[in-house]
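A, B, C and D label the chains in the order they appear, each numbered from 1.
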Amino acid sequence: MSQIRGRFSKAADKRAAEFTASIHSDWRLYSHDIAGSIAHARMLGKQGIITGQEAETIIKALTDIREEIEQGKLEFKPELEDIHMSIEARLLEKVGEVGGKLHTARSRNDQVALDLRLFTKEAISGALSSLRELQQALVTKAGASIDVVIPGYTHLQRAQPVLLAHHLLAYFEMLQRDKERFNDCFKRTDVLPLGSGALAGVAYEIDRDSVAKELGFSRVSPNSIDAVSDRDFLLEYEAAASLCMMHLSRLAEEIILWSSEEFGFIELDDAYATGSSIMPQKKNPDTAELIRGKTGRVYGQLMALLTTMKALPLAYNRDIQEDKEGFFDIVDTLLSSLKVFTGMITTLKVKTENTRKATEQGYVLATDIADYLVKKGEPFRTAHDIVARLIGYAAEKEKTFTQLELTEYQRFSPLFDNNVYSITVESSVAARNNAGGTAPQRVTEALSRAKKMLGGSTDGN
Amino acid sequence: MSQIRGRFSKAADKRAAEFTASIHSDWRLYSHDIAGSIAHARMLGKQGIITGQEAETIIKALTDIREEIEQGKLEFKPELEDIHMSIEARLLEKVGEVGGKLHTARSRNDQVALDLRLFTKEAISGALSSLRELQQALVTKAGASIDVVIPGYTHLQRAQPVLLAHHLLAYFEMLQRDKERFNDCFKRTDVLPLGSGALAGVAYEIDRDSVAKELGFSRVSPNSIDAVSDRDFLLEYEAAASLCMMHLSRLAEEIILWSSEEFGFIELDDAYATGSSIMPQKKNPDTAELIRGKTGRVYGQLMALLTTMKALPLAYNRDIQEDKEGFFDIVDTLLSSLKVFTGMITTLKVKTENTRKATEQGYVLATDIADYLVKKGEPFRTAHDIVARLIGYAAEKEKTFTQLELTEYQRFSPLFDNNVYSITVESSVAARNNAGGTAPQRVTEALSRAKKMLGGSTDGN
Amino acid sequence: MSQIRGRFSKAADKRAAEFTASIHSDWRLYSHDIAGSIAHARMLGKQGIITGQEAETIIKALTDIREEIEQGKLEFKPELEDIHMSIEARLLEKVGEVGGKLHTARSRNDQVALDLRLFTKEAISGALSSLRELQQALVTKAGASIDVVIPGYTHLQRAQPVLLAHHLLAYFEMLQRDKERFNDCFKRTDVLPLGSGALAGVAYEIDRDSVAKELGFSRVSPNSIDAVSDRDFLLEYEAAASLCMMHLSRLAEEIILWSSEEFGFIELDDAYATGSSIMPQKKNPDTAELIRGKTGRVYGQLMALLTTMKALPLAYNRDIQEDKEGFFDIVDTLLSSLKVFTGMITTLKVKTENTRKATEQGYVLATDIADYLVKKGEPFRTAHDIVARLIGYAAEKEKTFTQLELTEYQRFSPLFDNNVYSITVESSVAARNNAGGTAPQRVTEALSRAKKMLGGSTDGN
Amino acid sequence: MSQIRGRFSKAADKRAAEFTASIHSDWRLYSHDIAGSIAHARMLGKQGIITGQEAETIIKALTDIREEIEQGKLEFKPELEDIHMSIEARLLEKVGEVGGKLHTARSRNDQVALDLRLFTKEAISGALSSLRELQQALVTKAGASIDVVIPGYTHLQRAQPVLLAHHLLAYFEMLQRDKERFNDCFKRTDVLPLGSGALAGVAYEIDRDSVAKELGFSRVSPNSIDAVSDRDFLLEYEAAASLCMMHLSRLAEEIILWSSEEFGFIELDDAYATGSSIMPQKKNPDTAELIRGKTGRVYGQLMALLTTMKALPLAYNRDIQEDKEGFFDIVDTLLSSLKVFTGMITTLKVKTENTRKATEQGYVLATDIADYLVKKGEPFRTAHDIVARLIGYAAEKEKTFTQLELTEYQRFSPLFDNNVYSITVESSVAARNNAGGTAPQRVTEALSRAKKMLGGSTDGN
């Protein structure tokens, strides 16, 4: 800030200066900022806007500054406001007045936009590879439990038996969509904003394409005003992360339910559970709870940036500086949640005696009995009503389906015969043998397809 | 609901029944529900799950019911809970027991998911074509004002002169990204969920591909549990709509600013302004204000659904019923906002005498004077400081740049010569002649490109 | 709107007119609008701003219009934009030009603010009495189950035994805070804005105090600009409703868990559950699920209005019109959720054999055993570690605490003696006998206090 | 955490441990935690639960630890998870096994709740005094500009002249409501949770009242399960802060508008503005923009915690740990925004030549002319129409009201006479002489009242 107060007769109020500073969070952009500056300086030199010698001096110094930062040798001063000013100030210290030429044909507005896009592209890659790892963990766990049947639930009521592997692969599909969304976001992030100046473009014969090439962007931004005002790529990442956290929160909820004494379907590894300060018997699924809780955090950051961007006139307004902290927080939260979740899934143990028991209790085969009647000619709605009455009777008698006599069945429909006893959990699962269904054959195919999707590509997703 | 209380000994509490009913909003799905049922019935017939005759009877009746609804002849009763039950009840009235066969190999869970996906695909098409119309209006207005220069702003301070056309095309770019996002969302919406049953798949030999084909889906869902639990496609639409409304809110803010007496850059057509109940002189930009205000509404609905979906265990839970009202509201709000905005842009008048005056006042050419010094060898940072001091001096003397004597310029730098007077608004704009810049040549190219993008495609986007 | 286009040469664009109209939602303010207008007319007459005769004519006509509306005889036309214009237009039809005098010394801005405050005061009363009813239901259910012990949970793991009544009274406390918040909101709602005009006050010798008195406001607004711009009272209601829904969502979650086969603690009355379209055995806690789901809806509406109000310059802007739909939706959602919840609580049955079983399994008495050691001199942290190891041993041997031999206990600490066997669920509960604790004596006292809080006051809360 | 893994056979996964740790943010509670522990230890001693000597040893050590922390001598280790464990671990280091007695009759659940309530009470006091300072700055600025008239705006269109002081006092009223809300929140925060144990109360004869007294709480929590699960006080603070930020965002928007060249009503002090990296002429209202931007941040944190708390079963769940970071962020953002705003208001200069000019242009006296006709007997609606047509005529002739001939006035109504020329900005303002109006007399009274409100009370608000 000190550098840009030329016309001002007074220093910034100390509190105001602290208030407007962003160095406490945007230092994370140092390597992106330096990479961008190096590419910019090289281009300025090539285009003769500065001399080749000047360009080299600047590039050399920037390379040194990066090393200083990485070795913790450069202290960031709040009065230098942000990472861009901090690096530029250090550059001027090192090379003197020629450092002042780096900002030719560039503004902090297009510079910040550039740094953020470089960072976001990395953040997308990080999300993609972490998503892939979690998918891999799900596929592995599904493969290892291919013969485990659990009650499938709707309304948290036992509904129909399903393979646990089928259930886990539902999450595989969600994460697959998450990856698609991050990939789609990448397309719109992969655009070089540099060369847009403050908002109108720059009055120098720059070569934007060469900068784009050096920095790995596939195209340059087509409108300078848009380029410095646009934060869609952050919002799109944040929206994708919100959906992903929503998916994780659902699985986290199930992990928590399944870990309860009442369900008892799984046991978390000690490494992913914690104890109680007062109740020695507890084994709490804290990791899953925290992931569920952090969903709110990610939603909140999305809402924050949407609100901040609302109704801002073009082009850059200082409000936009608020984009970074929330975004960094989402990136960190998403990646750590995915990684921890991967470990938790990989190490959890399925308690198969309990899952088996749960499918055998109650009336989870009711749909199958209705279908049995339908196949004997009863319209589905009628069959549904018959089985509903049958269950009312059985519940009163405290009998399971297998404990009912054939004569008892026949009180409700003459279509019942001895074959009704061949309806089992296994037959139920096996019968759902269409694309997407829970029949073992289908799930095995789905597993193969999933493995292929994970294994084949070399682009990390 | 009445149909599915088989096992229950008591009617639903009246208040509870009203509370759980959704017919007040989901009647909008009637045509999608009927289309889905017809395709399902036809497939059941073909596969021999019901007879061809039964299928025909059902299809004929459903077609009639659609007509009854469209002619306002079918009264929806709250006690029938939702649109699916309402149509099925009417079907049973018309064809008797055979109507009960329609629900074979299907559940309300996959049926609702189907209806919503059909509706969403339409909603996406609607968004795409409305976005295209607004882009067209922007391009037309930009073309008609290609010679109008306005001050470009950052921090709502005049920064550098830009073409109004360039400014309008910034919004063209935003809307283009919006269209891309809706298209990306379409890919993930275009998946047939029917055949997933309640959650586990169905126990009949159905032909999902033929249903998908009849209904225009490009693929079938690969996991039944996911298919009935997934509302990503709604959330993704809502996130895309939120970003789009954010864009509209920014242009709305500018319309409001520009309509003020202080800016005076435009006059809205009477058709898009309203008067005051008490102040006869007022011409209020209500339409723009409402669009800006409705941004909050769309954000809120996004947040609502994200929150509702958080931490729901698989598969369907009744919470998910809350997806519809908010989604319908977003669709309606987005489409009407886009359409009204299109009319507002098309009919507004630019007050060129005011825009010209605004670019001539103040020191919007300061960057150009700094660049002038840079081109004479001054490092940018030094040049920036010189011009800052020069402006301090000029402001004190109450002189514009053109009113300063050369000797006054030279007090600040010996590099100034008579050429400094050739720096004008026109030269400033023309100088920003790189890709994405505001130079007339570049903007003309951008306009051509935009027209081509709008004109070429036949797929509506 | 037609009335206020005086200066405009063109009718509003039809689509724009529909877009800006609010009659579809603000008709709900008709009685508040008429009450306000009657009080205003009476005051104008008393002050001699209009004649007493004119005032009487207007008041008579307004009274008739209210009746027309209540009898469904007045059709609202969208072209009349809002409820205020609709009523005024009807007034002019009925009494001619003198009707035009009603708007003397008033603007739509202070009129709308008045109507909303009248409505909100009613909405607060509604919330207070519905909250009270739900508290009553909780107290009744708690009283009826005073001897039922359930496992208290943290992290959804069984932690320590608690009285179900104690658990239910936790919600009584939450709802008590909700009532306090609505009461606090009432203080700030109970302010007459009329007399603020468009924004600056009015140029007539009005008597605001008499209007306030007639309409039941305890004071008049002290700043006219604030009075027409302020929607804090709506936001405060919405925030209070959001917290209340959060509380309901927690109890709804527990209802859902407790209704599952796995927990089996309660059975919902048929009137508050629904069946499945495909699975005849299901009894779904739909009502509780919907309340849980609607929490997102209420949060979303709060976020919507907060966002809409953000950064609006003073005074009224049309964005603010968006306040009503979301607010009405929150009011309706909150009241219906509370009422349905009350019925659900009142009618649910506790399955005491299951709750008892749940407290007897596992190691919920572990804290008591640690406390036992502490009372014999062991520091708590050490006692905690001893019991942790003891449980590790018991779990491996598949023994409960009562099944362990004394010698086995003593392997972990010599402080154990035969008294350890007197630690029971009952002793555990009874021991927590401090203010706020779960000891039966304390819970009985808490029940009495709760009944007194509900019963005593005549102010509805 | 290390302390509470007793039963676990494996260390926590390193990544999981980092993921669940909260020491990076909750160290801020150190002084509250120590104060709470000291009060707890003292009470344990008095009650004979530990010996008086033990209590003294513990208290002495805790006092020393506080000093170590304040002098930066205690390093917080992530593996100790949180501030509570960090302090307890240090205590054990210092005093050995007796330190383990501190956790008698207490759980981390009631301990955390206590610390947060102590912190929140301080945060409320901070908000109250910062609000008061900003109110004082507004009152001072209003007093100093009592004779400045500005155009009052609705829809950002000039509506009627108002005193700038009246406008500033509108914000005084908003902040007054903010203070009331924080005070209301205080009542519900001022409750001691300690003694609730993990969730059920504690099995020792503790004296909660004496602890409450020592820590300055006015009452003890009446239900232990509620006490450990309740975060209403945080949410209520966050909601109050959100409304307050909304108010600040509105004033920030006006500061930004007024600082623009187009409005030119004020000049910010250099200390509260910043320059541009590229445009030397710029003086950007960054501070105001950032406050406007940070509104989104605060809303987002509110939404985050609401979402996190949704549908959590009782009692404590680890999700709740997410309460702290967002809350601390809101507290810091609110307080710094208020303080910076205070300085900005205090130092800004009103450019009275510009404000005067703005009230003289256009037709801001139109309402007064309509009122003039009304006072001569025209119904308001008719008068409104007459003036609307008059303005249409004047605008076409490019004349102001004062430039119109009397004969021109009379073309529109025979009621016009020479007195119409006595309608001036001054007469307009003076005429709004009712409670809450902008007449100088009323505003002077309002100022006195405001000063009295600020000056009189000794309770800091």
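Following the convention adopted for this analysis, a residue touches a chain if its C-beta (ideal position, glycine included) is under 8 Å from a C-beta of that chain, and two chains touch if they have at least 3 such contacts.
Computed from a predicted structure; not experimentally measured.
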| item | value |
| --- | --- |
| Minimum number of chain-to-chain touching steps separating chain A from chain D | 1 |
| Any chain that touches chain D and chain B | A, C |
| Rounded Å distance between chain B and chain C, as computed from the means of their C-alpha atoms | 33 |
| Distance between chain centroids, defined by C-alpha means - chain C, chain D (Å) | 23 |
| Sites on chain C at which at least two other chains make contact | 3-4, 6-7, 103, 109, 154-156, 159-160, 197-198, 257, 275-281, 283-286, 289, 292, 295-296, 299, 303, 306-307, 309-311, 317-318, 367, 384-385, 387-388, 391 |
| Partner chain A, residues of chain B touching it in the complex | 3-4, 6-7, 92, 97-104, 109, 152-156, 159-162, 166-167, 169-174, 177, 180-181, 184, 187-188, 195-206, 208-209, 220-230, 232, 235-236, 239, 242-243, 246, 249-250, 252-254, 257, 292, 295-296, 299, 303, 306-307, 309-318, 367-368, 371, 374, 379-382, 384-385, 387-389, 391-392, 428-429, 431-439, 442, 446, 449 |
| Complex interface listing, chain C residues touching chain B | 1, 3-13, 15-16, 18-20, 103, 106-109, 197-198, 269-281, 283-287, 289-290, 292-297, 299-310, 317-322, 325-326, 336-337, 339-340, 343-344 |
| Chain A residues within the chain C interface of the complex | 154-160, 256-257, 259-263, 275-286, 289, 303, 306-307, 310-311, 358, 361-364, 366-367, 370, 384-385, 387-388, 390-391 |
